[in-house]
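Before anything else, here is the set of structures, which you'll find just below.
Next come two complexes, and both contain chain A; in the first it sits with chain B, in the second with chain C.
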Partner chain A sequence: MSKCCEEYEDILIDIYYGETEMSTEIKNHLENCSNCREFLNEMEGLGDQLAIFDTDIPIDCSLVESAFTSVDQKEEKKRNIIDLLIFMSTAIGIFFVIFVLAYKGYGKYLLYGQISVFFLAPFSLIAFLKGRRLKEGM
Partner chain B sequence: MLEAELLGLAKSGDKSALKNLLEANYNVVYGYLLKLTMNEDFTRDLTQETMTRAIVNIKKFKGESKFSTWLISIASNLFKDVVKKKGQNHEDIDEIVNLDAGKDVEKAVLTRERLMSLKKALASIPTEMRQAFILKHYYNYSYEEIAGILHCPIGTVRSRIHYSIKKLKSVLDGGISNE
Partner chain C sequence: MNDSFSYWMLIPLFILLFIQGAWIFNDASKRGHNKWLWGFFGLLNVPSNLIVYLIVTRAVPKASPCEHCGKKIRHDYKYCPHCSTSNINFGKKN
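Take a look at the complex of A and B:
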């Protein structure tokens, strides 16, 4: 096969896939070249053979559903990590403030503060419940 | 509802619209990956991961291409990453097509043989070349679109497709491939 035909084969593939148009030059070449005519026929035959893989695929809705579940799980995991980080940084911050105050000699006031929190904390429950009722629209 | 309307809803957080879009394009993604991997289990895993990535990144979709093209692009990148990571193609020659030859045993055997030889021929094409070929042959994407999906120049897409066809013809003719 001449090199010329190899070049035409590439053009014929482009024509077969609609990437370029059949020019007069190609038409003339095809009329005179049995190799290229055969190549084009083989291309069409190959297309017919490969059509066997072009089957109808039933939609598996569970797979799409699993994708959504997987995303929800990943987002929940991310939220939990963020919550944990916020909790840890708040705890470290409070501990640091207490440590600094105790170091500076305000231990007595810290103790008073702690006793006040101990007795007043239950009252915050009322505000918490009220907020929850509002959130639930009751 | 039109794809553009569903996309608008999906991007604003409507799960049901996104679900409809994914289900409408399920066979495109699954079919593409099945032809690429030739393994049903691997295809299922990749399809689910493609859908997951689409759900996570739906807000980043600019609408410059069709939604199916965007999904194919995600699937192609995912496939490339997995193959790079695992270093193999999972090309098990198992069932892709459900053969329904009825009572004609001879016809069934012939079809199965033809199917096996086609699968082997497809599997003989290197992954990157096969991706370009499948996108052109089965989905009729233009060279330009394939270049966008596979992130490579148009000339490379063209040469990959030409190589794939010549290789397919060579393997199916029983000749020695010219790698």
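Take a look at the complex of A and C:
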């Protein structure tokens, strides 16, 4: 059974990484084929060259953690700015509608609404404090 | 009431409400409160809603879980009222 050099090269890669053993068939092919011999030599030479750079670099976990935290903080800040812009544009929209209503002659009712909210706002304090207590599970 | 007076008077009011709402929204988001609720609440009235916001978020101390029993206790409690261990968050600002 004859195989082309490309198939042998795949097998040689497996042999180099210790996934397959060198069989007599491959040994015979290497003796006869100069291309595959050169391929194996190049691979081994490259492995030796890379071994020089294969040094253990100590990884500072706290540095990695702080990098992740800073990325999270930046993303949160960005999200907050976007939310603020959405809020501002919504507020402008609401004010525009109120202004149009006031222009159409409903300004008197809006003023009454403002006055009633002014006097009712302190009562909302009770609801907010109760809500906070419930949220905190106290 | 003169109509032209009433609607033009709304402009400075809107500016104040807008600044107040935006500030409350930003502050609530920084402090981890419900920013949308507080933001829209801040748009309703000036300055009573701002006072309500400041009381709820500043005057009432925050609560954190107790290190020993896990139940939530306020930061102004020196000891946990549930298990009597000392509160590590005692004195922490809101």
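The rule is simple: the second predicted complex is superposed on the first by the 87 of 138 C-alpha atoms of A that agree within 3 Å, B and C clash if a C-alpha of one lies under 4 Å from a C-alpha of the other, contacts with A are read in each partner's own complex, and residues count from 1 in each chain.
In this section, a residue touches a chain if its C-beta (ideal position, glycine included) is under 8 Å from a C-beta of that chain, and two chains touch if they have at least 3 such contacts.
None of the values given here were measured: they were computed from a predicted structure.
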item: Which superposed partner A:128 touches (first chain B, second chain C, both, neither); value: second
item: Which of chain B and chain C A:99 touches, first, second, both or neither; value: second
item: Partner chain(s) touched by A:67 [first = chain B, second = chain C, both, neither]; value: first
item: First, second, both or neither for A:54, with chain B first and chain C second; value: first
item: Contacts of A:114 with chain B and chain C, given as first, second, both or neither; value: second
item: Chain B versus chain C as contact partner of A:21, first or second or both or neither; value: neither
item: Residues of chain B that touch chain A when the two form their complex; value: 15, 19, 22-23, 26-27, 30-31, 34-35, 44, 47-49, 51-52, 54-56, 96-98, 111, 114-115, 118, 136-138, 140, 142-143, 158, 161-162, 165-166, 168-169, 172
item: Parts of chain A lying in touch with chain B, wherever the complex brings them together; value: 9-10, 13-14, 17-19, 42-43, 46-47, 49-50, 52-57, 59-61, 63-64, 66-68, 70-71, 74
item: Chain A residues touching chain C - in the complex, by the definition given at the top; value: 80, 83-84, 87-88, 91-92, 94-95, 98-99, 102-103, 105, 107-108, 110-111, 114, 117-118, 121-122, 124-125, 128-129, 132, 136-138
item: Chain C residues touching chain A - in the complex, by the definition given at the top; value: 1, 3, 6-7, 10-11, 13-14, 17-18, 21-22, 25-26, 29-30, 35-36, 39, 41, 43-45, 48-49, 51-52, 55-56, 60, 62-63, 71-74
